[in-house]
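The following pair of complexes shares a single chain, chain A, combined with chain B in the former and chain C in the latter.
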Partner chain A sequence: MKLSKIRYFLIFMGPILTITIIFYFMIGWCIYISMTDWRSARVSMKFVGLRNYFDVVQSREFYVSLINNIQWIALFMLPTTFLGLVIAYLIILTGKETIFRTIFLLPTAISMVVAGTLWVWMYATNGGINTLLRMIGLGSLARPWLSDPRTALYALIFVTVWQYLGFSIIVFEAAIKGIDRTLIEAAVVDGASGFQVFRYVILPQVRHGFLIAVPLLGLSALKVFDVVFVATRGGPGISTYVLAYYMWVKAFWWRFMADGAAIAVILLLLSLVLVIPYATYALRRWFG
Partner chain B sequence: MADVKLDHVTKIFGGRVVAVDNITLHIRDGEFFVLLGPSGCGKTTTLRIIAGLEKPTAGRVYIGGVDVTDLPPKDRDVAMVFQSYALYPHMTVYDNIAFPLKIRKMPKHEIDRRVREVARMLYIEDLLDRKPAQLSGGQQQRVALARALVRQPKVFLFDEPLSNLDAKLRIEARAFLKRLQKELKITTVYVTHDQAEAMTMADRIAVMNAGKVIQVGTPDDIYWKPTHVFVAGFIGAPSMNLVDVSYVEKEDKVYLQGPGFELDITPLASVVRPRLKHTELIMGVRPEHLEIVDRPVDPHCVPGEVYVIEPLGAETIVNVRVGDSIFKVRVLGAVKYNVGDKVYLHFDLNRVYIFDRKTGEAIII
Partner chain C sequence: MIVISTTIAKYVLGGYFMVSKVVAYIAIAVIITAIVVGVAVYYLVPRPAPPAAPPPAKPPAKPAPPAKELIIYHWWTAGGEREAIDAVFKIFKEKIPGVKISENPIAGGAGAVMKPVIWQLLAAGTPPDTFQVHAGGELKEYVDAGYLEPVDDVWSELGLEKVIPGTLQAMCKFGGHYYAVPINVHRSNVLWYNPTVFKKLGIIEKFGDPRTWDLETLLKVCKYIKENAPKVLGKTVYPIAVATRHKWPLTHLFEVLLALHGGPEIYVKFWTGKFKYKDPKDPVWKAVRDVLRAIGIMAKEGYFNPDHPELTWDQAAAKVMKGECAMYIHGDWVAGYYMAVKAKYGEEWSAAPFPKKIFVCLSDCFNLPKKAPHRDIAIEWLRVVGSKEAQEKFNVIKGSIPARVDVKPKYPDPYRPETAEDWVKSTLVPSAVHGGLSKEAFVTAMHDILTYMISSIEMGTDVDKAVDYAVTQIAVAIERTGLVDFWKGYTIDYFITKR
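And then the complex of A and B:
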């Protein structure tokens, strides 16, 4: 009896504990490496304190990356969330949810590498976007979107909006469908227009949708790496650098492991800044 | 103030399900009109068509003489109270009541005045700061009512507003609502499946079944003069005894012959005979119109046996077995009979209903 209890404990708790331990060990190890002088292909573990952090933070690449990440969060998170909400509402109004959901979810389902490659074609000098612009007589707007430092970042941000919109729509579709239908009908009979129904009945009751979508989308924007890696490699110049890409460059291109680890730790701290207020708010709301 | 007219209204869902089948109704100005019927009979759909929440597949809807068939709900000036009350959970009671005025961009002080007036009328003044989740069912129902009242609409629509209340509260609310409607004189369409609610509150009732209006009339008409076996069976508690019978004539007497019994209805023969299309009939008699007697007092008695006795205090329902049929008999107070006693059932021929078994229509009312 006793033995079987121990066995059950090991079967269920063992893997969880193992994963948790390894996970926190990795974080700890990463923090430790970020304070060593491991700056070449050869492992070196001499403790140097916070020196790497000062070096990294003072670099121009870090500054550009941070600003880009902040722009990315602002220009990606807000439109994706609100567009998701609005489109979800419109989709429900059409009553053809399955078709539209499939269409919008398709980009979310495909890999970011595939999406990145697709959009490289779309953005190319003779790619889809420019061809379209020329067709509708806006040829003057045509440009090499990803090679122009003024547009490259926003072109990439747009790709992530395109890719995550489906996710946002699903979240809000579920939230809206959770609202008692008669509430909406009551508002309609009370005289509310479509917009007023949205503003006074639906919006206040999809807060939990924001609670799910906002932190997850914010984190995706903070951690964004793949689309940059596939589409621009941070270029032109360093105009599309983001922290995760800078981390990769430092750690696996320059083999400055300690600097890469320092950026990783900074990313972790930034994630916490984004998540902790939301998590406490959510916990307080849901569990009093 | 307005009347409501439905002119040959039909609603078909998904091309196949006929929810409302060619209904024509005229609800008069200031009237308390009840749509009564079992679930799925189309009464709620009819109400939603009046509200504008459903578009009729065919037919027209008029409110106050204006064709509103193609108007959205907000332009019809109707207010609706839902079965679930549909209170906005994120708003206070005050904001819930103020909502219809707020979206009409009424000045703030006017909204405040009206909300407080309605709240006073419905005894919910001290609840104005609460959220709906903090209210009891009865209080929520009043808030929903207040939200409908505050606008002073042309027409009130109620969709089973009392069905979520417990029995005691329901009876109180019934009287309260009726009184309120009489004071305000606002045309009211009220949907219910509860015949007691319909009988107690309505000026007129439309009994519906399978998407059709079977009979329209005052509660008295519906009770005393059912034109269809469905209405007869639906109204009254316990419901009317309905037994399949055949019309038989022998030796210049006329009988209704049921399974194991014969009832002499010779005095009715001159009325019944010309209206008969065939001899397959349904006989109906209300429990309160039957009498249990020890021996036959006239020719309109049939022998039976006491089967079950259901005492209810003020009255007793006695089930009497006659042939192969059970008749429920309503007796005031207690009864002296025991199960198994041989008795006679006395039929008052003025209160015996006869329906055509094929069409269900009344042959004598």
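And then the complex of A and C:
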């Protein structure tokens, strides 16, 4: 039985094309909505150009959200990546990978809604963390983590670090295991210490691990919504607003679909800023 | 097997790469053309706009699906609520034997999660048979969008106009037609207090019945409690409990204080944007400023429990019950909470309408979407919702009072008889925070403005400065949310039942 090449092509490309068309149609539709006057429950498609974008970027919530998102990317992506790498290395050194991997991966398996609720209890004025601090004699550090606008954002960022660390560990574990063992053995024979092996042999060879982890973590930080919605709804005040939450508020509570779509498009553009350099670098490295 | 699959893969991939260049160009061209044509056809081909006027009461074609099913969406999932709606389902099933009720309960207080789901169903043209909605502005948004059918027949058949007070009628009636049947009434303006704390501090002897307090007295009481509780009770008692994790309870406090301080007219003018909001000298602004300043002072002086950003409304109610806070200004579902946790009335909790002379009301109701798949069953459901029997059974369990004034159940708690009495005797206005009066966009903006205000005051900002900023933000919000246009054609008297 021999199928023609065209038929193979159709079998494989048909679904891919359909999905692609729908996918890009959705994006196109979202971009179009962002330029309409759909600002009530009634669907309205009158073209208004970039008005919604101007309105959105002029709002106070937008700036707070943008700055929070940038902080979120920096304070979430870097520690998660590096901790992931270090812990992955340590786990491999212990030789008890299965146990540790499971332990670190568990938080990743918990849904963000559950995790958010749990952490609200942990962070509460009389919650887990403060009780623990008082028990070990560090009562002066106890504070209402989520009630204080100065700490609320960082408390939420920590929740995402806790949640995504397992993912990062898995990625780096695989990357480290992909290194040719003879290189490590040679370094050990030459008298390199554990740290030196890590610094001079492993670190340079897990770059593709970074290539996977950094953009994906960056995108999760940019899209973060659930933990904010569950834990603080952007509060206290608007101190933990992020773009995705602002988009939800505008689209579903204000029912300003057009403004929500405008924020979505801005989010998309910001994501592209993260993804395009990654994609070009990765493609050049692996296929260039 | 492996060999075969590898060969096929190789062949296919090889084939793919062989034709790749030409086909890839074709594929890209197809995608682009499809998108462009799709977008063009979608937007350029004129489509009939959704009708603004209410449609004829009966649709031309009868729905095809087999009878006897009711697809219903509601958000009553918590203890007490669940049992209440089940009681109505029971009555409905007795009335229409064999009917299948396809329930879609979506948890989340006040429908925060359910509403986006409903909007999507309606926009997609696949509505349920009926869904829960707050009477008033929230209902009007669906009516304006052309998603609902009038239910005038049900109203006239049940004679609801005679037994439902004017304000609640207004909250269901837009453009001369009724669009929903209310099942219950909650009161938003209630002051919950801890009687033990009040008794020990002698609050009522000193300041009189809370039912008659004004804004100034409330602040004096707060000050008195804050100063004297440590001496008398030996512990800090925060005078006012508030919960801002979900933000709206603070707006709720604002709403009640505005009704208390400004009276019904100013209250309605503010929430419908029917005042000169660009003129800072407008009397509405004066009342709003007074209330904002009072809330600001509460935040500044530490009258609020400091952990409010991590609490939800029920946790704040618990603080009053435990005596950690003295008072809580919130709706009467708090009574349902206290009864559910078996708190002792007169010892752990007590309640006073605040103020007594005004009843800020909200109501849950059911409606009839256009293109409802089982329209006849849905109308039967609405008849049940509006019936005496269902209103009595539902409300006794739910902790609310019937919308109909001719239903007089025996309440198991000491709180509700007074509410039921006030429902007939007090001046009625709709609650803005609970979908009755305002536009949701504006109320949402208010949540952020108010929580931002108290959060900045708690961080050290001067009260007057924070209030000024909040006022400018509110004016911007009135403008940007389209509040004024939303209520065009309605006078403030439409919403007020003066007594």
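General observations
Rule of thumb we're sticking to: the second predicted complex is superposed on the first by the 273 of 288 C-alpha atoms of A that agree within 3 Å, B and C clash if a C-alpha of one lies under 4 Å from a C-alpha of the other, contacts with A are read in each partner's own complex, and residues count from 1 in each chain.
We adopt the following convention: a contact is a pair of C-beta atoms (placed from the backbone, for glycine too) under 8 Å apart; a residue touches a chain by one contact, two chains touch by 3 or more.
Please read these numbers as outputs of a predicted model, since none were measured by experiment.
Once both complexes are superposed on chain A, the partners chain B and chain C fit side by side without clashing.
By the touch criterion defined above, A:T280 lies against neither chain B nor chain C after alignment on the C-alpha atoms of chain A.
Taking the Cα centre of chain A as vertex, the centres of chain B and chain C in the superposed model span 150°, given to the nearest 10. Judged by the touch definition given at the top, the superposed model places A:S111 against neither chain B nor chain C. Touching more residues of chain A than its counterpart among chain B and chain C is C. Once chain A of one complex is fitted onto chain A of the other, the partner contacts of A:T102 are absent, as it touches neither chain B nor chain C. Aligning both complexes on chain A leaves chain B and chain C separated at their closest CA atoms by 28 Å. The intersection of chain A residues touching chain B with those touching chain C, taken from the two complexes, is empty.
Taken in their complex, chain A has these residues touching chain C: 5-6, 8-9, 12-13, 17, 20-21, 24-25, 28-29, 32, 39-43, 45, 55, 60-61, 120, 123-125, 144, 146-147, 149-150, 152, 231-239, 249, 252-256.
For chain A in complex with chain B, the residues that touch the partner chain are 180, 182-183, 185-193, 196, 200-201, 204-205. Of all the residues in chain C, the ones that touch chain A in their complex are 11-12, 15-16, 18-19, 23, 27, 30-31, 34-35, 38-39, 42-43, 50, 115-116, 119, 123, 141-142, 144-147, 244-247, 306-310, 440-441, 444-445, 448, 451-456, 459, 473, 480-482.
In the complex of the two chains, the chain B residues touching chain A come out as 51-53, 72-74, 78-80, 82-84, 86, 88-91, 99-100, 103-104, 147, 151, 157.
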